[in-house]
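Quick heads-up: structures coming right below.
Each of the two complexes below includes chain A, the first together with chain B, the second together with chain C.
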Partner chain A sequence: MRDYLIRRLLLVVPTLLGITLITFVIIRLAPGEPATLGGTAAGGEAGRQATAASAELLRAKKELLGLDKPVPVQFLIWLRRVALLDFGHSWSNNQPVITVILDHISPTLQLNILAVAVIYAISIPLGVGQAVRRGRLFDRSTTLISFLLYAAPVYWVGPLLLIYFCNPEHYAWFPAGELNRPFPENLAFFPWLYDRLVHLVLPVVCQSYAGLAYLSKQTRAGLLENLQADYVRTARAKGVSRFRAVVHHALRNSLIPIVTIMAMILPGLIGGSIIIETIFSIQGMGYLSFNAILQRDYPVIMATTTFAAVLTLVGLLLQDILYAWLDPRVSYA
Partner chain B sequence: MSEWKLRDTVMVLFMILVVGIMLLQMVQNDRLYDRVSQAIRLLEAGSSRATATGPASSSVRWRVPGAEPGGSVIIHESARPTNLNIITYKDHAAAVILSDSGLVYETLLERDGRTLEFKGLLAESWSVADDRLSVTFRIRPEARYSDGVPVTAHDFVFAYRATMIPTMDCQRIQTYLLDCDGVDALDDHTVRFRWKKKYFKILEVAGSLPAVPRHVLDPENLIDTDPAKLAERINAWDPPLKSPPPVASGPYLLESWDKPGNRVILARNERYWGALPPLQQIIFRIVTSDTTALQALKAGELDYMTLTSEQWTNQTVDPSFLERFHKFKYLRADGGYSYIGWNNRRPPFDDRRVRQAMSCCMPREKIVEKLLYNLRELANGPFSPLSRQANPDIGQWPFDPERARVLLAEAGFRDTDGDGILDRDGRPFEFEMSIPAGLQIYTQIMSLFQDELSRIGVRMRIEPYEWSVYVDKLDNRAFDACSLSWIGSVESDPYQIWHSSSYENKGSNHVGYSNPEVDRLILEVREEFDEDRRNAICHRIHAIIFEDQPYTFMLTGPRLEAVSRRIQNAEPGKLGMDFRDWWVPVALRRPGG
Partner chain C sequence: MPEDPGKPLESAGAAAADGLAGEPLTYAAIVRRQFLRNRAAVVGLGIVAMLFAVAILVPFLASSYPYRIRIDGRTHYPLFRNLTPQDLIILAAALCLATWAVVRRLLPARLRRWSLPACLVVFLAACAVIRATVRERNDRTDYRALAVRPGADAIWAPIPYSPQETDLDRKRQPPGRLAGHLLGTDDLGRDVFSRLLWSTRVSLAVGFVAEGFAVAIGVFLGALAGYFGRRTDFVIMRLVEIVVCFPGFFLILTVLAVFGRHLWLIMLMIGLLGWTENARFVRAEFLRLRTMEYAMAARALGLGWARIVFRHLLPNGIAPVMVNASFGVAAAILIEGGLSFLGFGVAPPTATWGTMLNDGMINPVAMPWMIILPGLAIFTAVAAYNLVGEGLRDALDPRLRSA
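Let's turn to the complex of A and B:
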């Protein structure tokens, strides 16, 4: 096991190098130039301000950003800085990339952690229920509903939720967008917490409803397989109650794939959803990376992809370790 | 490994609970810390809600007589500013918050919202030299920054020299100052801007340079010793959240920028040198989606927003809405226009008759009626219809497909092979219309245009491009036709868009328009200081450009806005709303704000 871990960890280095190199090349090959060179911000209105032509200003700017050097040299410079954990400065506002990411990561984490918790809390019992009542009305109707939800696009569901549940003309149950009401700093702790949670309800619903179908399906399939296994029948035969047979014997064995899926979720936790964040006006990682791509803010794009790559690799590693730990049949010796 | 028991599950849940509580405890500690440090820095800055009842001194002048001072409003912004650095900001949101309406930073001059004439803001008087090459401003001696230091001529010299450091990230200002020869402080309160050549906008350009506090930004005099280091420092400066508000001369100070909460809060500068505006706080709230913003407005979480045509027509018409909100529809003097740009240097659009024919096929009335709820007006040239630069004798280009047919025949296009597509020299008339991706209205407009063109035998492909790719295509002149809009200004200088030399070096004349007569007139405009004579030349430029149709001028729009009825004195001028005039009666204020 230890040798295996060392081997895996050593493999991380070239993998990471490859990922960053490919990302770097793809960004540079993509057409379009950084917004900061255009002098005008990329805008939704597609309006531009007339500017005077000046080759000199452009050249000075390129030199400042290091864009005058050949691409391979730029990559090496970037790599050297990253090795020292310096991701450079965002081109759109000149702040250190780390600061920019820290500004945006907190809303995304809150949203995603809650959404994952909701998905697991609902879909595992749901999947168990479906497996136990296999083929009955409950199973069929919930499966149908969860697949309908799975198919409903979030850019449609999100505005619908907003229009019906944040609107004095219908039901003003939830606030429209964002994570706080105005002046959150004037609130005491518990009202503040309540305010934050109420604001998170609709975004979390949007973020989680599609995941329900997938995970409950996984639980249902895994459990069904185990329910028919000999050891469950044996347990029932020796007088174990049905509940205990399902929950203590069958479910434990069928949860292995579910637990390992969790490791895969790790990189997803920091990658926000641009659609949900736009609808609910939350400025998280999705907003940040999407805008960075639109504006060709290379340092920010490189930093977010590198973080995602690192977390994916860590997630895969965790998954392997969890497998071996949970399932005695698996060993990497 | 021992058996996993219920006890273990309880244990794990308990640990998760403990960790959760600890995290929340940390959050609460942070909030407390923020509150305390905010109170401290507000006290230090002398702008504080502790004195919200009004400044201690009784000799205060109020900007709006009869208004009840205090209260706050929440204004919608649809995009988050990239930063709030007065020198390096790049976007519209930052411009509105910081300087467009003189809230935080002030300029020498501002335009009157009704007459559009210049009036002094920091300047008490000004004069253009007889040789028209320089302008001298006398700065108000009473003008002070929020830390009590007077605003002097040296601050403008510093602002000019700092923005012209090559490594300073402020192309936005640099591009206007390319022809500036230098700025001198004649004495502490007199500043002179010198230009290399005569330029009619000298007053406007010089008058819109913001006063930045040199004593704060550059106490070590780096501007003389190490400008590159100064540029590096200013580039990286973003008004931080946990320090006193940045020193500025305006009636409001940047109290805080709540980044996760999407709010920028301006608080009244109680030590403002001029007449104090009524509102205690102006809050800009960034809501990225139009739908969400309208819901927030209806829920009372926003006071002011710009509406889309659809929202204006369908979603804001019921009596309960109108009871609570005013709706305003008005043209702004600095409103821009949208257009189709034809690549004037690429066949077949290098032929004026072809461009005219294209304009004849653009069903603009139909577009306004079918797609835009009759809420747009047609544009007919490069100047805003409100501006005196626009030639009042010029009508609208007609929608006339028959005439288009004739014009194209004159240009040599015939359907020789009978396939329904016009051709010339064996090549069919086919071109690509580039549009910015993601904006549905462009696609809809172009589909209508495509139908009209196919009827006269022209095939148009519609190609959406992502914004930065699109800008790149324009800059490299790699397109047949494009669709875009220009942001306007009260008095525009046609040089950047229409002079043939602006085609080079990625200038704004991306269609490559070139007419020697217009070139000559443009240079005349730039040197003409008499407004009537200048406007007469502009009228001629307007007429020639209208005849040449380098663009098909599309639409110009009124602004559509909704304002809460809580707010008094909210009447848009020709330049939009002036938040400094707004006030909210005590009885209608939000609890806690």
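Let's turn to the complex of A and C:
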């Protein structure tokens, strides 16, 4: 196991290098000049002078941003800085990229932690209920519903929720978009918390329904396999109650795939969802990365990509470790 | 019924069930029968078939040109004259495939293997002819005005509006308010039903071409990794790891922002990021297959690796990929919809379900039908492909097979 872990950790390095290199090359291959900030050329003599002046400016700016060097050199410079945890400055507002990210991370974290909690709190009991009542009306109807939820695109469900639950014509139960009412700093703590939670309801629904459908399906399938196992029958035969046989004996053995799915959730937890944050005007990580793309803010694009890649790698690693830890039969010799 | 001891249990049962005693069923026939028993999967397949039919026939379903119009004693066929080369090529492809499917069964076994290449040659020839002879016409005649003139007589398509035809006097009409516009109009007065139908093309194309890329790359690399093992396997699996760790949707957005919104680029990117699952499945199959006796026999005969891998092993290792490909088509449609929703899809005015949603988001509360309808279309397509995928998976899983 330890050897395996060391090998895995060593492999993280080339993987990260590959990902950052590919992203770097893609955005540097782009046609167009990122150093120009949208000045239009004027005609005539004045225009020629202005062009000469702006060519000088452009050269200076390129030098400042390091764009005058060849792409491989730029990449090495970027790597050296990242090794020292310096992601540079955002080109759109000149703040350090780390500061920009820290400014946007909290809404995304709140949204996703709640969503993960909702997913696990509902899907595991649901999956257990479905497996225990296999083939009955409850099982069939909820399985159908979760199949439908899984196929429903979030960019459809989100706007539908906005239309029907944030709209005085139908039900104005929730505020539409943003995470606070205006001037939240005037509120005391509990009213503020309430306000925040009410704003988070619909985004959390959007963020969680697909995962919920997926996870309950996994739970159901895993439990069904174990419910027929001999050890469950033995437990029942020796007088263990049905509830205990299901929850303590069968469910424990079905938890392995369920726990490892957590690793898939990790990258999204911090990376955020561009679509959901766009629909509900939440200024989180998804919003940040989307705007970085729109404004060609290369340092921010590179930083968010690297972050997401690192988190995915950590998630995969965590998944392997959890797997081996939960199931002693698994070995990575 | 007495059990025939000489026959494997499964095929005996299957043959008995089909009343074909003595003739064992092929693997494909067993899978097909299992699939058809699954009612949900058959429904999914039906929906997919319908989407295909719409995508092929849509020029005849929704068009501003009448099928036939008689003015001043002369008869014109504007809809047929205005078919674009693209429409004709799609029709030719559908015709070739349909003919092939029928003719193949009638051919003697000796000729059957040449039927698909022959069909392809015919199709390519047809494409060349179409490209050389048909020009895209830009017919701006107002047939609607002509049709109401006295003495004129026109036969219209079921939906007499092209997807791009704007009418600012009739914008933002909800479904059912105007007689002609069954599902309403959008922000520019374009007919929603017509746009919905035309969108089927883009989303089918994206689904199948993108997943086609993913399958081709995944099968090729997965087969190499599984067959050769060792260093090849190591390198390919590291590549898989790199691709898996990419923030995919974000990367596609970046590429589209940088290189422009081209349909081919969208498909290529979805394919380039989606092949890893296919590669893993094929690799796992090949790790098993390469130790089989017939693989050894092929090697002993001195066949080259390419022939062994792609002719002998691949047909036996492709089944899991079919399941995954069907989910992959659904995923590709979802991704394309998401890109278009954010305004990064195929450039306007081409109609796709995602761009329609994007148009609807201008004011979702005032135009809820612009959200409900295209979203419903994406949802239906995705659900259908998922149903087919699940049906295939169950049909291929021998544990679930009732003998």
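Basically, the second predicted complex is superposed on the first by the 302 of 333 C-alpha atoms of A that agree within 3 Å, B and C clash if a C-alpha of one lies under 4 Å from a C-alpha of the other, contacts with A are read in each partner's own complex, and residues count from 1 in each chain.
Convention: a contact is a pair of C-beta atoms (placed from the backbone, for glycine too) under 8 Å apart; a residue touches a chain by one contact, two chains touch by 3 or more.
Please read all numbers here as calculations on a predicted model, not as lab measurements.
Engineer: Which holds for A:G177: it touches chain B only (first), chain C only (second), both, or neither?
Structural biologist: Only chain B; A:G177 stays clear of chain C.
Engineer: Check whether A:L11 is in contact with chain B, with chain C, with both or with neither, and answer first, second, both or neither.
Structural biologist: second
Engineer: Under the stated touch criterion, name the partner, chain B or chain C, that contacts more residues in chain A.
Structural biologist: B
Engineer: Applying the touch criterion given at the start, work out whether A:T278 contacts chain B, chain C, both or neither, answering first, second, both or neither.
Structural biologist: A:T278 contacts both chain B and chain C.
Engineer: Quick one: classify A:I26 as touching chain B (first), chain C (second), both or neither.
Structural biologist: Second partner only.
Engineer: Going by the contact rule set out at the top, does A:I163 touch chain B (first), chain C (second), both, or neither?
Structural biologist: Both partners, chain B and chain C.
Engineer: Should A:L294 be classified as contacting the first partner (chain B), the second (chain C), both, or neither?
Structural biologist: Touch partners of A:L294: chain B and chain C.
Engineer: Mind working out whether A:L193 is in touch with chain B, chain C, both or neither, as first, second, both or neither?
Structural biologist: first
Engineer: Which residues of chain A are in contact with chain B in one complex and with chain C in the other?
Structural biologist: Touching chain B in the first complex and chain C in the second, residues 30-31, 159, 162-163, 167, 169, 278, 294, 296 of chain A appear in both lists.
Engineer: In the complex, go through chain A and note every residue touching chain B.
Structural biologist: Listed in rising order, the residues of chain A that touch chain B are 30-36, 38-55, 57-58, 60-61, 64, 89, 92-95, 103, 106-107, 159, 162-163, 166-169, 172, 175-186, 189, 192-193, 252, 277-281, 283, 287, 294-296.
Engineer: Which bits of chain B are touching chain A when the two form their complex?
Structural biologist: 4, 24, 28, 31, 34-35, 38, 74, 78-80, 82-83, 85, 88, 90-92, 166-167, 169, 171-172, 174-176, 178, 235-236, 238, 259-263, 283, 285-289, 291-293, 295-296, 298-299, 301, 318, 320, 336, 436, 438-439, 442, 466-472, 475, 484-487, 492, 495-497, 501-502, 504-508, 590, 592-593
Engineer: Flag every residue of chain C that touches chain A in the complex, lowest number first.
Structural biologist: 238, 241-242, 244-247, 249-251, 253-255, 257-259, 330, 334, 337-338, 341-342, 354, 357, 360-361, 364-365, 368, 371-372, 374-376, 378-379, 382-383, 386
Engineer: Give the list of chain A residues in touch with chain C in this complex.
Structural biologist: Going by the criterion above, the answer is residues 11, 14-15, 18-19, 22-23, 26-27, 29-31, 147-148, 150-157, 159-160, 162-163, 167, 169, 267, 271, 274-275, 278, 289-290, 293-294, 296, 301, 304-305, 308-309, 312-313, 316.
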